[in-house]
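Next come two complexes built around chain A: one with chain B, the other with chain C.
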Partner chain A sequence: MSGLEISDIRARFGHAEVLRGIDCRVAAGETVVLFGPSGAGKTTLLRAIAGVEPAASGVVRIDGREVQDLEPEHRPLGMAFQNFSLYPHLSAYENIASPLRARRLRSQEIEVRVRRVAELLRIGHVLGHIPRELSNGQKQRTALARALVAEPPVLLLDDPLRNVDAKLRYEMRLELPPLLRKTGAAVIFVTQDFREAMALADRVVVLREGAVLQDAPAEEVYEAPASVPVAQLFGDPPMNLLSAHLVPEGNRVRAEAAGMAPSFADLDITHLERPFLGVRPEDVLLASRPAGGAHAEILAVTPLHDRCVLLLRAADGTELVASVTGAAPEPGTFVSIAGARHAVLFDPVNGHRLAISGARTEVAA
Partner chain B sequence: MSLVLSKLDKTYKRFGRPPVRAVCGLDLEVRQGEAVALLGSSGCGKTSTLRMIAGFESLSGGAITLAGRRIDPLPPARRGVAMAFEGYALYPPLTVAENIGFALHTTRAERRKASERVRAVAEMLDIGAILHRRPASLSGGQQQRASLARALVRDADLHLLDEPMSQLEPQLRAVLRGRVKAYLGERGFTTVFVTHDQTEAHALADRIAVMEAGVLEQFGSPDELRDRPKNLFVATFFGEPPMNALVGRVKEGAMEIEGGDGRRFSIALPAAATAPEGARLVLGVRPQRIRLGAGALSGTVLSNQWLGDQAHVALACGALRIVAVSLARVAAPSGTALPFAIAPEDMHLFDPESGTALSHRGSCP
Partner chain C sequence: MPEPVIRVLRGGALALILLFFLFPILWILLMSFQTNADILRIPPRLGFTPTLSNYVALLSGKLATSSGTLDITFLRNLGNSLLLSVASVAASLVLGVPAAYAFARYRFRLGESIAFTLLSFRFAPPLLVLLPLSLYFQILGLTNTYGGLIWVYQLITLPLILWIVRGYFEDASPDIEHAYRVDGHSWWRTFTRIAIPLARPGIAAAGLLAFIFAWNNFVFALVLASADKQPVTVGALAFVTAAGIQYGQIAAAIVLSILPTLALALYAQRWLVEGLSLGAVKG
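For the complex of A and B:
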């Protein structure tokens, strides 16, 4: 297969197993986002693929060819890091040209390729500057240009937007997907920001404690997390996880918690006690007037642009978070929880997803 | 007024180089019981301001008054201020409980009460279970919560918090922000905190002071900053994604926008906007206010990203790029044409030279 294929990547630092046998495929032209909390092993995995992690083992194939025994400089891949790692004494031009110089290309050819990638990233006007004279955004684009310039079949981007300001990060979020698609490379992009993951990813691989928790399209990770840890990690504010009470109803089962009672089909509940009901904050349906239904007290209102995040205490004492649009209600008042638009049920013992209920938002326009 | 900063100045002298004015003539009045955020990017002067209020930094000019008394000549300990600073370390030999209760000087009779308060604050911040542990065994997020608890357990004329939730575990952030906001309100604390994170400023603050290059750009509620930004800087800094800003000329009650490649398109101005014929202006419109799906304008979809609870759509109109946010999915793949409208009541007009706001939604600022 063309692209990147890794299997059984392991790494151990002393007694700590930091990568526990990772398998992953990234097709040419595809962007896979590696998502996880700090310490998950994301950077170690990139280092293993690049061949700069001595503690790592496993098979790395690029365009079908095994490269794990090659020296790092002979592996056909480009890398960019969150701290940019530019050569401080070289101009932006020379930084970008460095992978081509290493391959002993003619300087005419180098000039053509450096200018082309610099135009693409809109840094053509600062090629003569050394890193100290560049803004953070320009440094980040220079590092990205250096990774792209040799048109490698594999690109490893380690949280490259982390240290740039919010405005530029937002711009790059819009610009990067078409740019990466144009390169045709198999891309692994590391981030801890779930919105960045959703914006950039064809597929998301959720990593925690050196193991893959879920490997699926971004929307699937958001709507149907494979387990409780994924539900807690992917989303901000994260999915509410409430201890639910099960009520059989014909061949369906209702899961009751905090006034919500979504119903699930095809669920064997013989050995199931108090599973976790997962509901995204925007899927908690509220009725403005506390009429019937379950009352909940609004403990706090934290606005965010056109939305409001409400911290609620349900009648049974459970705390939950709801995100609403429109006018902000007053803290200390009551609302009623009318239901859940979409919900996921998790096994209380092993944390695995058991079932999904309801539909997601409608398509407009 | 509880806290009054008047004509506050801070200049850092540097050997052999020109001095840096970190804070320039800052005037700010914080009401009793109010939570105020100092928001800005790094180097904007927000942290210098907080450190001057705390007494960790001398003033180059101006005065600070707290509850009617001048505090800037006083040493930090005599200012009546409780604080949680980054790097304002926990005492390593003491347990978490002892650290939190350290500043509660109490008589024997009050000791029981003090330990109840420590427990209550610790439980609010989800560190009730680790009160017996020592700081070295805690994660960064837990240490930050302990440090925050140590400030919040005290009654003081003023609470100062430096990036209070920057290290917090993402899955706890939404709930803890809500709880802290409710707690500050219940106790009537006057609070000033520094952050570079809009979400945090939004969530916790009653009013936000936006700073840039040592200057206060605007001081207002989140709604004021969103609906009535004083200038183009605040308009495009505050809000996510940033406000669209289109340059054009007034022509017969409409804005004629230059599309960049010779194309022009015309957008009707609010009837009440008093813009002279031929004037060059910047038209600002929030991404959340662009109405997609119908209208006289049309753009080509550059990208259409679904982020779980909102869609971000980038449109090309000639060489211009317009970003729109929709709370529902938008069924328009990249490359297709999508009509849209900008309503007069959603328009902000700015002077292109000074950046000053001229009108918001048709009325004067």
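For the complex of A and C:
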């Protein structure tokens, strides 16, 4: 298989198990976003793949070749570090040229390739500067250029947009996917930002406490989180998780909570008591006039210019978040909850996903 | 307090401190241009006829005293000082910088104990080790050799360089070195092209300090070497003659022996103040 393939990557620092056997495949030309909270082991995993993490073990294959026993300089990959890690005593040009110098290319060739990648990332005018003289955005692009310049078959990008301002981050989210696709590399992109994950990912791998919680296309992770922790991590505002009451209805089951009652098929409820009903805020259907549905009081309103996020208290006392488009309603007024456009049911004991209702897109349960 | 008052007070305090530290040096400089008679006059006088006789005596190697002419080996001592200090610091840099890097970057068995043992060489008074050392040196045939002295000088210079440079290596982010490795460079190239340049201010500071300590050492050479291998610190004893203490020559000798250290300090200052690692990582 061309691309990157890792299996059973483990790492422990003292007694703390940081990676608990990670398996993952990234095909050439594919961008996999490694998503997870701080301390999930994302950076450690990248470092393990790059060979700069002595505490790690496991198998790393690049284009079918096992590289886990090779020194970092012999692994065909490029890496952009979260803290940039530029060489402070070398110019931006020499920073970017470093992988090419290591490959002993002729200096004309180096010049051509450094200029090309620098133009692509719009840092051509600062190549003569040393890192101290660069803005954070320019440092970040220099680090990215250094990872890209030798066109390695594997690219490891460790949260490269974390330290740049909002405008640049937005631009880069637009620019990076075509750029990465053009390199044809197998890309692992680390981020804690779910919007970045949605924007960049062909596939999302959700990591928490050193274990993979879900490995699926971004849309699927969003609409059908594999478990409660994924539902809590992926999304902003996060998915509502409500304790639901089950009502059998023919061969289907209705899960009632906060005035919503989505129905689920093929659900064995013999041992199931009060599962969690997961509903994305934008999937909470509201009726502006109290008519038919359950009443809910609006406790707080956060306007987000294109839509606003409402904190509601339903008639049964549960609090939930809904997001609506249009004018912001007044806090203290009432709306009615008409239902859920799309919902996910989770096992209350182990947190695993049980069923999906009202699929917006077809997703394997 | 108003701003000008504070500024005056601060200036006054600075002047006092400078006077305290620099006055002896100024006085020595004045003494070096005076005859012994001028120096010993009480009360001392600022108005005197400057003479170069002290320097002439030092450089010609002939010391005229009331009881005849004495041969002095000041220039040879100065050369010995230079040779011993430069060679000791060079050896310590070659040994100490890689060792400091190892202690900073790698955890290995007994690592901390070894580092601490090396530091502990600085705790013991030199006289404590000198007696056994002089016996060993006689057996090994190292007594009165430059090699033997340079070896013993490592007790002074090596721990200093090791511990100062280690701190600088620890301050640099290992990720910068990791990035260079991932770029495709070998461990050795990473050490020489990244780690050492980033620690250069520390290496300069440690080298300078070690040089000064080596230069000022007295007791090792006094015991372990004879006249032709001794540095200026020991050679200055020659000015305590049967005909009295030659203060003028001592002063001139001190002035001359300060010069190399001073020159080195001025030269190394460039690197001492260079804050290379700024802006290397985020922030």
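Assume the second predicted complex is superposed on the first by the 359 of 365 C-alpha atoms of A that agree within 3 Å, B and C clash if a C-alpha of one lies under 4 Å from a C-alpha of the other, contacts with A are read in each partner's own complex, and residues count from 1 in each chain.
In this section, a contact is a pair of C-beta atoms (placed from the backbone, for glycine too) under 8 Å apart; a residue touches a chain by one contact, two chains touch by 3 or more.
Just so you know, these numbers come straight off a predicted model, no measurement behind them.
Visitor: Does chain A have more residues touched by chain B or by chain C?
Guide: B
Visitor: Between chain B and chain C, whom does A:Phe84 touch in the aligned arrangement: first, second, both, or neither?
Guide: Touch partner of A:Phe84: chain C, not chain B.
Visitor: What is the contact status of A:Gln68 with respect to chain B (first) and chain C (second): first, second, both, or neither?
Guide: neither
Visitor: For A:Ala102 in the superposed arrangement: first (chain B), second (chain C), both or neither?
Guide: second
Visitor: Could you tell me if A:Ala300 is touching chain B, chain C, both of them or neither one (first, second, both, neither)?
Guide: first
Visitor: Please indicate which partner A:Arg47 is in contact with in the superposed arrangement: first for chain B, second for chain C, both, or neither.
Guide: After superposing on A, A:Arg47 lies in contact with chain C but is clear of chain B.
Visitor: Applying the document's contact rule, which stretches of chain A touch chain C when the two form their complex?
Guide: Chain A residues touching chain C: 47, 50-52, 71-75, 77-79, 81, 83-89, 98-99, 102-103, 130-134, 136, 139, 146, 150, 163.
Visitor: So in the complex, which bits of chain A are touching chain B?
Guide: 37, 165-167, 170, 173-174, 177-178, 192, 194-195, 198-199, 219, 222, 232-233, 235-238, 280-282, 299-306, 309-311, 319, 321, 323, 325, 331, 361-365
Visitor: Note which residues of chain C are touching chain A in the complex, please.
Guide: 173, 175-176, 178-187, 194, 197-198, 276-282
Visitor: Going by the contact rule at the top, pick out the chain B residues touching chain A in the complex.
Guide: Its residues touching chain A are 41, 169-171, 173-175, 177-179, 181-182, 185, 198-199, 202-204, 222-223, 226, 236-237, 239-242, 288, 292-293, 302-303, 305-309, 312, 314, 321, 323, 325-332, 334, 338.
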